[in-house]
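Worksheet: one structure, shown below.
A, B, C, D, E and F label the chains in the order they appear, each numbered from 1.
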């Protein structure tokens, strides 16, 4: 009964998330030998003002 | 000094959350024998596009 | 389908946790009108060396 | 730069986790079109005394 | 490679967050002797309706 | 009332954590203009078998 949380910079589409839910569920079900019906997946999207690295907010980093 | 996080699909009212904060605080204070003044509760609401199970996003599941 | 996480200083017994799981499930099921079968509860216990407040680790605080 | 956390009941082997890290990285890299070098994965294992559902601790549930 | 999450009541400015990212990165890099380039910082802002203490939602507490 | 969580590879000493709690509390109190008495800090240490990047567990990465 795994619970997966995916934190990421906002901007991915619902369709991308939908595909990822499918693929992650398959991969986890296979590798951990668990029923895909009890795999739960959460997306937590961060804005560029709420995420920093290298001592700077992402919204000010050139990348 | 317990810290409680409640992740749930969005849609609960402020009044429901308010009641839940009261009841959770009572129940935890009693069972864990801690001062209710040092019990902290956070709600994290998920949209149906950010939560999946059974290999599908909640917004596409019929339930 | 709420997911509850309870962070606390280590030291609570399995019996206390067992009672709390029962009571939390009842209270959440009632207040949020959700099936108790889909309420999930996690305990995360912290040692006194991994938790600080007021600028000091709990293991050095007199309380 | 996705950060993935996998909470699960303890008992999976290092080899299973190693395989899962590989597969998850591939799947996320592909679907979200991100460099596999900036995908971070954390495992958080729960004991059966620290996880409950249906109003009961997992260690007391027959499953 | 530390990952820092800062949960707080909403209301801090981007400029305050930007300064905090800088200062936190310095302090952690120094104390833990890690490269500042691999320090990641996330802000999670809570509304007053999603945070409670002392048995009451923050939006109803006078403080 | 900020709550800070620091996830890191295990191996830091209690003394390093103690110093970091002090410094983080100062920096956050100053920048966010909050009372240092209501700043809470948690450390979550990961073993090298529970953390992966670049598609590999940390325990197998040469770094």
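Definition applied: a contact is a pair of C-beta atoms (placed from the backbone, for glycine too) under 8 Å apart; a residue touches a chain by one contact, two chains touch by 3 or more.
Not measured: the values here are computed from a predicted model.
Comparing mean CA positions across the assembly, the chain most remote from chain D is E. Should one ask which of E-F and A-E has more C-beta pairs in contact, the pair is E-F. Summarising the inter-chain layout, the chain whose CA centre lies farthest from the centre of chain A is C.
Chain A and chain B have CA centres that are 21 Å apart. Look at where the CA atoms of chain A average out and do the same for chain C: the two points lie 25 Å apart.
The set of chain E residues that touch two or more partner chains comprises 3, 7, 40, 53.
Interface of chain D with chain C (complex): residues 7, 46, 49-57, 59-60. By the touch criterion given at the top, residues 14, 17-18, 21-22, 25-26, 36-45 of chain C touch chain D in their complex.
By the touch criterion given at the top, residues 1-9, 12, 16, 19-20, 23-24, 27-28, 31-32, 53 of chain B touch chain C in their complex.
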